[in-house]
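Chain nomenclature is as follows: A, B and C, assigned in order of appearance, with residue numbering initiated at 1 for each chain independently.
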Amino acid sequence: MQGNSLRRGAIAGLPAGSGGALPAVVLVGLFFVVPVVALLLRSVTDPEPGLQNYAALFGSGTYVRVFLNTFLVAAVVTAVTIVVAFPVAWMLAIMPPAFGSLVFGIIILSMWTNLLTRTYAWMVLLQRTGVINRTLMGLGIIQEPLPLINNLTGVTIGMVYIMLPFMILPLVGTLRAIDPMTLRAAALCGATPFQAFRRILLPLSLPGIAAGGLMVFVMSLGYFVTPALLGGTSNMMLAEMIAQTVQSLLNWGLGSAAAFVLLVVTMALYALQLRLVGAKRPAGGL
Amino acid sequence: MLLDYDRLGWLRMALAGFTALVAAFLLLPVVFIVLLSFGSSRWLAFPPPGWTLKWYEQLLADPTWIDAALTSAKIAAMAAILAVIIGLFASFGLIRGEFRGRQILRGLLLTPMVLPVVVFAIAVYAFFLRIGLAGTTIGFVISHTVLALPFAIIPITAALEGFDKSIEDAAIVCGASPLQARLRITLPSIRIGIFSAAIFSFLASWDEVVVAIFMASPTLQTLPVKIWGSLRADLSPVVAAASSLLVCLTLCLMIVTALFRRKLSR
Amino acid sequence: MKLILTGILAGLLAATAAKADEMAFTSWGGTTQEAQTKSWAAPFEASSGIKVLQDGPTDYGKLKAMVDAGNVTWDVVDVEMDFAIKAAKDGLLEPIDYAIVPKADLDPRFSNEHAVGSFYYSFVLAWNKGAVSGDTASWADMFDTKKFPGKRTFYKWSAPGVIEIALLADGVPADKLYPLDLDRAFKKLDTIKSDIVWWSGGAESQQLIASGEAAFGQLWNGRVFALQQDGTDVGVSWKQNLTAADVLVVPKGAKNKDSAMKFLAAATSPAGQAKFAEASGYAPINTKAKAEMTADAVKALPDAHVDGQINLDMNYWAEHRDEIATRWYAWQTK
């Protein structure tokens, strides 16, 4: 009897405490941290011990430029994704299920289509001689083809497209968990819709925005197939640069150094985001 | 009010219109790929000069495409199941656990998403070569589970954060065991989070090409690796045909699920 | 933990299971590898009884990781020639056993101590006849935006080709190309930078020209050939065509070195080269292969255009690869 309840307690209790994270820590520790640290160590040992890789990295205007550009692109993509995703998630959270599942279906369908194939499809759609430009010109809306590809516009379209589901789905979860009564109460107390949105709905959906935004931003930092195909060379992202360095030039020291710096900067941003969002988050129970 | 569909007023029209636009945006390349797969133009010209089924014939004549799809599905399913289970436990630990360094731990578990995949690919491949996991299904699944884990943890923790724990406590007060309360109350409440986690982590593996190139062996070729080679080298509409078939398969699965659900709810 | 142990065990089993009568061939995927499989691997399997497993795509990082870890699962790999020379210098490759691979008929331009030719190709000037008024004739025309407006497409990566084209267009005589004057090349490229669309893979270059997205560009001859075969209205100029090659290498510590050398002998044989050239449109590196090809196929080869042909200096590139790459990406991202 006692043994039984103990065991049950153990099963139920495990995920509650810190122990729940144990399998994840083992997995990530053994198969991520160990190999990656072993590789990143090469940034100070390859080709010879020292910091010359970091000196080369920061001494090169190229890497600094690519770094800044990477964060710029990730920020633009994240901002646009949030702005586009929020109304959709809002609608999805309250829509009648029949329409809702149709939109969900479209989202899942788009995600299911191979990423490379989708990116190539965008390439053909966005070209100067592509479908979009020719349609617009055929309709007489524009005279000259719009530069939609090989620039920041192309990267943003292609990446927002990929990132939208990663923003919409967590946001729907957050919005659905909000008690509509809270907003009704606000209306009863005389809040205008705008006030209710700004003071209640937006703050309450912040955990979802933060979670989705973090995922989108961080994913964008490491992307390269889409920017490589839809952006110009002046939009080169760090991941592409690193891939070139380690795969074509076989300079694992320099590539590791760049990866390490990216990791540190991202972690710092993550810590910053925790502070900002953590401070604003409403007290638990609300 | 704002969360009452029937009382939104003009906002409802605006939101619905915007949602429709975004849905169209999401559908556009998918529809385009399906159209290209029937187009006779070898160079993806659009509108195509004619229509043909030859890309499908070529696709079906080559058994390696189907093998690759099956391998991908198998690996992605295993990676997704592992990532969701491990991620679920981890999320409870991260949200409910009161211990120091919780946020650091959370950061650590998300790092696989930050690091450019090619760096992880080389690192884990070099490691697997040494411990004998390179070129094995298990090695493949492990590396993809690591990549998928953040995609499982983020939506589940977000859902758990939005879930009011006092409901779970109330169930326990009413006589449910903690396990029952969790299985019957908490898990169903965060099901969208778990659903997102399952989809994201499946896709994190299903659509992953960089690590897959390293993990691949002659007997272990996944679909993205095959597509990568085919797009880079040939840009053949056969790839569009393969993608279209998958779209079709997904559609069928979704319709079946929807019918099944309707039957259940009756 | 149990999972991990099972995993390690399974891995060890898989590692020991590699049979002596098997070997792995790695190439870039797509139709090229299909042609290699049909022209080289299939006849080789039939004659030697050694099974050739197809792997890929080629990834230089993966190759280096294998050699570093001392666990090499690739036996023959198709790589670019400038990479092969660098890799040999880094100690990543086995020397070719020319006792097994007959050397006499191999084109000396594309074979050396650590690599034998796989196939070779030329960079040629191709244009979409619908998008360009008049015929472009020389590399210099690609830099004349007044006479020939429109986008031009070049190979994106730091590799032999574009720098040389810029220098030739700027009037450097073919025999004075090396050592490359990078300052002069980039200055010349600056003049058309905003009109360049880069292609990163062969198929992309074809799509750009076929759709007219780029009016003209620097393409691999095999790619132009395929476009013409398909009925696309493209023009081609062979003037000052630039040759480069893919080569076959054996990574250091390959498990089936002996089979690998035998495979190389079959792949570089006149019959193997002829068959592959007919299937792919790339040129054979065995000088006897042309005799076994149809007349039409021979006409499309770079060999028909040796007049004014320039061999890109792979040794120079291998020597200065990193230095040029640094400058290249600095210029591109600016």
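Here is the rule we use: a residue touches a chain if its C-beta (ideal position, glycine included) is under 8 Å from a C-beta of that chain, and two chains touch if they have at least 3 such contacts.
What you see is a predicted model, and the numbers here were worked out from it, not measured in a lab.
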| item | value |
| --- | --- |
| More contacts between chains, A-B or B-C | A-B |
| Centroid comparison with chain B (C-alpha atoms), farthest chain | C |
| Whole-Å separation of chain centres (CA-atom averages), chain B against chain C | 35 |
| Centroid spacing, where centroids are CA-atom means, of chain A and chain B in whole angstrom | 14 |
| Residues of chain A whose C-beta touches two or more other chains | 124, 246-247, 252 |
| Set of chain B residues in contact with two or more other chains | 44, 118, 122, 126, 142, 228, 231, 235 |
| For chain C, residues that touch 2 or more chains besides their own | 59, 61, 200, 207, 211 |
| Complex contact set, residues of chain B against chain A | 1-5, 8, 11, 14-16, 18-19, 22-23, 25-30, 32-33, 36, 44, 46, 86-94, 96-97, 99, 102-103, 105, 107-120, 122-124, 126-127, 142-143, 145-146, 149-151, 153-155, 157-159, 161-166, 177-179, 182, 189-190, 192-193, 196, 199-200, 203, 207, 209, 223-224, 227-228, 231, 235, 239-240, 242-243, 246-247, 250-251, 254, 258 |
| Partner chain A, residues of chain C touching it in the complex | 1, 4, 59-61, 64, 83, 86-87, 90, 151, 156-158, 197-198, 200, 207, 211-213, 321-322, 325-326, 329-330, 332-334 |
| Interface residues, chain A side, partner chain B - complex | 8-9, 11-25, 27-28, 31-36, 38-40, 84, 87-88, 90-96, 101, 103, 105-118, 120-122, 124-125, 131, 161, 164, 166, 169-170, 172-178, 180, 183-184, 186-187, 193, 196-197, 200-201, 207-208, 211-212, 214-215, 218-219, 221-222, 224-225, 238-239, 242-243, 246-247, 252, 255-256, 259, 262-263, 266-267, 270-271, 274, 284-285 |
| Chain B residues within the chain C interface of the complex | 42-45, 118, 121-122, 125-126, 128-139, 142, 213-214, 216-219, 225-226, 228-236 |
| Residues of chain A touching chain C in the complex | 26, 30, 60-62, 65-66, 69, 124, 127-130, 150, 228-229, 232-234, 236, 241, 244, 246-252 |
